[in-house]
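For reference, the structures are reproduced in the following blocks.
Shared chain: subunit A. Partners: subunit B in the first complex, subunit C in the second.
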Partner chain A sequence: MKVLTLNFLTCAVKACKSSTASFPLHPKDCELVSDTIEANPALIYNVLPRVDWAALITTASELGFPTLPAQPPTKEELEADEKMMGELHTLLLETQISEGMLRCGNCGHEYRVKEGIANFLLPNHLV
Partner chain B sequence: MSRPEDTLPPDLHYNDTEARKYTTSSRIQNIQAEMTHRALELLALPTPSLILDIGCGSGLSGEILSTIPSSQNGPHTWIGLDISPSMLATALERDVEGDLLLADIGQGVPFRAGSFDAAISISAIQWLCNADSSEVSAMGRLSRFFNGLYASLKRGGRAVCQFYPKNEQQRTMISGAAIKAGFGAGILEDGGGRRVLRRIWF
Partner chain C sequence: MYSSPSNRISRGRCFLCDRSSLLYNGIGGKRANGAGLKAFDVPADVGVAISSLVLSVFRKRGSKFVASNCNDDDVDKPRSSSRGKSSALHRLANLAYLPSQKNPNLMPKTEIDHMLPTPSTSHVEFERVYEPAEDSYLLLDTLSSESEKAFLQHRFNNASTESSPSPLVVEIGTGSGVVLSFIDAHAEIIFGRSDVLTAGVDVNIHACKATIQTVRVAETEQVTQSKSHGLYLGNMVGDLATALRIGEVDVLVFNPPYVPTPDLPTVLPKETRDSFEADSHLLSLSYAGGEDGMEVTNRLLDSLPQILGENGCAYVLLCAQNKPELVKDQIWKWGDGWTAETVGNSGKKGGWEKLQIVRIWRISPGSAI
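Take a look at the complex of A and B:
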């Protein structure tokens, strides 16, 4: 699972819908893999305004990556700085969680990730 | 021909054998490809996008999304949801580029508001009309799905869902649930009325 995906995923439990603590999910005991994906700057420009930057800072630090700048780069900054664009591409798209858990900060539910696939099936009483 | 929807729930119907049969059948591959291209045509995405693939199965549609050339505003990044572990295992074997999630869309769509540029669903949502246990109703599942889908799309985002309704009643039930969730829904029928392509937008 890509870090980009984690930045959009929320806890699926009904009672967590209204809680801000249910996002982002917190990676626990995660193994990471790196997958080579062709650069796609137009995609990054398109999704960046929708990336929750504060959540990305949290995720990056939980996964043990260097601290991100406090503010997201602008499109102009990315156009001018190939290195920054490359790093963002690596973090968002190429860095992937292959095994581990994603834990909700509100209800504590843990979603298992196996071979990169997160299990979001819930027992009926939590839906 | 009997409908698979009438016999078993999707996670049981698409076991390892059925998942492989589905994925390697050239007839199904062709139909799936044709419908994915048709869905993309309806979405008319102006730039490489983040797309939700509902009922992504073994990633037949997703693979197409990943390979749309930049001259046609691709390639797109996609996240696929499916309830069948066997289908997802087949997707893994085929090394698809999108992310895969084991999820029941009748339980909702677990993404924050405004996540996706667009959503596609090829031959999946008719399965929502089956409520497989007494605890859940088909209407409840449909409404959780469409409400969750509506919220997960960005403002102006579109969803194209192609599905095979069993009958008029099922079709009305599905479009009713979509409209109730806020979609402006239109139904397009392709292929002699047997294949129904349904376009929803807002």
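Take a look at the complex of A and C:
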């Protein structure tokens, strides 16, 4: 699963949905793999407006990526900043989580990621 | 001439062993589970007899057979199959036959030029992952129809504006991945833009693995032809939309377990040493729908207003037994601009089930659609 996926997921426990702490899920002991994808600035420009930037900052720092600026870069800034563009390209498009856990910051439940697939099925006592 | 829809038992030939055998030619789609054989339009005792026959063939050989197209309606349809969620026989043993592969009249008509190619799923283990059938193909045909392309492009292709957020498409219950990979591979034609994010959820881990592979094959095929594709994020194991963040999905696609059954299978994998039993349980999750075949679908529908974004819409497949008119009435009653219309239809007359795709969306204030 691409790192970007974490921007669209929360804890599956119903009671956690209303808690801001359930998003984003926190990667723990994660192994990352990287696909090589051709540069695609147009895609980055259109993906950025639908990313929750604060959550992406958290995810990037927890995965050990270079620190992102406090505000999402504008299209003009990205056009002028090749390095930033490259980092976002790697983070958003190329990087996948292959193994590890995703922990809910609210209830603490950990979802296993195996072979790039996160498992969000809950044990009976949490449904 | 093909067998009539009501004449679904005939003699056929297995293409591997070339042995003539009695077989069941279902029409396609999900039909009934093992416990619900009475739902077939063949007598139950005949059904059981065929079931055990087919099963024994499967057990012994573990082989896969080729699909047949055995009724007139199917032959007129560019994409058709007699495999599917339709019958316990097909489900359990994943068998379908060609009455005679050599007869060109029994082969599907060649794909019409303007049709988008169906992604390959030949790598998928159909012993435990739902095999694409008529219901899957109806989704492909509907999503690539002129009317739906127009709807989706009007809603999500704002290329003229400076910044146009990429739409997020999520399919619940991806199975083999044939539908999601189709959307991903043909995003540019369907949405008028290739920067479409796609993701899948399935309760069955094997379906998730199959989908990942199917998308990979479809994307590679696009690249080989110097064509674009979307950005596939991945597949998650999950119970419907429970792991999705509120208000993020732009297009949700759901081909539910829609067959009416006395019970619902448990969502968690069955703990059993019998791999056949475990596989059967996984397959049952793809078709067993409980009361009116609507118990799972209703749970998903209830979550739609939360899951979908402001411009979000959903495509949900229903069969006649799901009482689609009633389902649409219920959605209209949500108020707040929520609307539901049938936008695709299998058009079958003689079939046991008639399938349709219902589009569910919110008419935004001041907008025509």
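Note that the second predicted complex is superposed on the first by the 122 of 127 C-alpha atoms of A that agree within 3 Å, B and C clash if a C-alpha of one lies under 4 Å from a C-alpha of the other, contacts with A are read in each partner's own complex, and residues count from 1 in each chain.
We adopt the following convention: a contact is a pair of C-beta atoms (placed from the backbone, for glycine too) under 8 Å apart; a residue touches a chain by one contact, two chains touch by 3 or more.
Please read these numbers as outputs of a predicted model, since none were measured by experiment.
Taken together in the superposed arrangement on subunit A, subunit B and subunit C clash.
Using the contact criterion defined above for the overlaid structures, shared-chain residue A:87 touches neither subunit B nor subunit C, since it reaches no partner. Legend: residue contacts after superposition of the two complexes on their common chain; A:75 is shown touching subunit C, with no touch to subunit B. Of the two partner chains placed around the shared chain by superposition, subunit B and subunit C are both touched by A:23.
By the document's definition of touching, neither partner reaches A:110: not subunit B, not subunit C. In the superposition on chain A, A:62 makes contact with neither subunit B nor subunit C.
In the superposition on chain A, A:99 contacts neither subunit B nor subunit C. Stretch 235-243 of subunit C is the one among 1-9, 37-45, 55-63 or 235-243 that clashes with subunit B after the shared chain A is superposed.
In the three-chain superposition model, subunit A touches both subunit B and subunit C at residues 1-2, 4-5, 8-12, 14, 23, 40, 42-43, 45-47, 50, 93, 96, 115-122, 124, 127. On subunit A, the positions that touch subunit B within their shared complex are 1-2, 4-5, 8-12, 14, 23, 37-38, 40, 42-43, 45-47, 50, 52, 93, 96, 115-122, 124, 127. Residues 1-2, 4-5, 7-12, 14, 17, 23, 40, 42-43, 45-47, 49-50, 75, 93, 96, 111, 115-124, 127 of subunit A are the ones touching subunit C in the complex. Only residues 47-50, 70, 75-77, 79, 81, 83, 88, 92, 97, 99-104, 107-108, 110-112, 114-117, 133, 135-136, 144, 154 of subunit B touch subunit A when the two sit together in their complex. Remark: subunit C residues 162-166, 168, 170, 195, 197, 199, 201, 203, 205, 208-209, 212, 231, 233-239, 242-246, 248-249, 267-268 touch subunit A in the complex.
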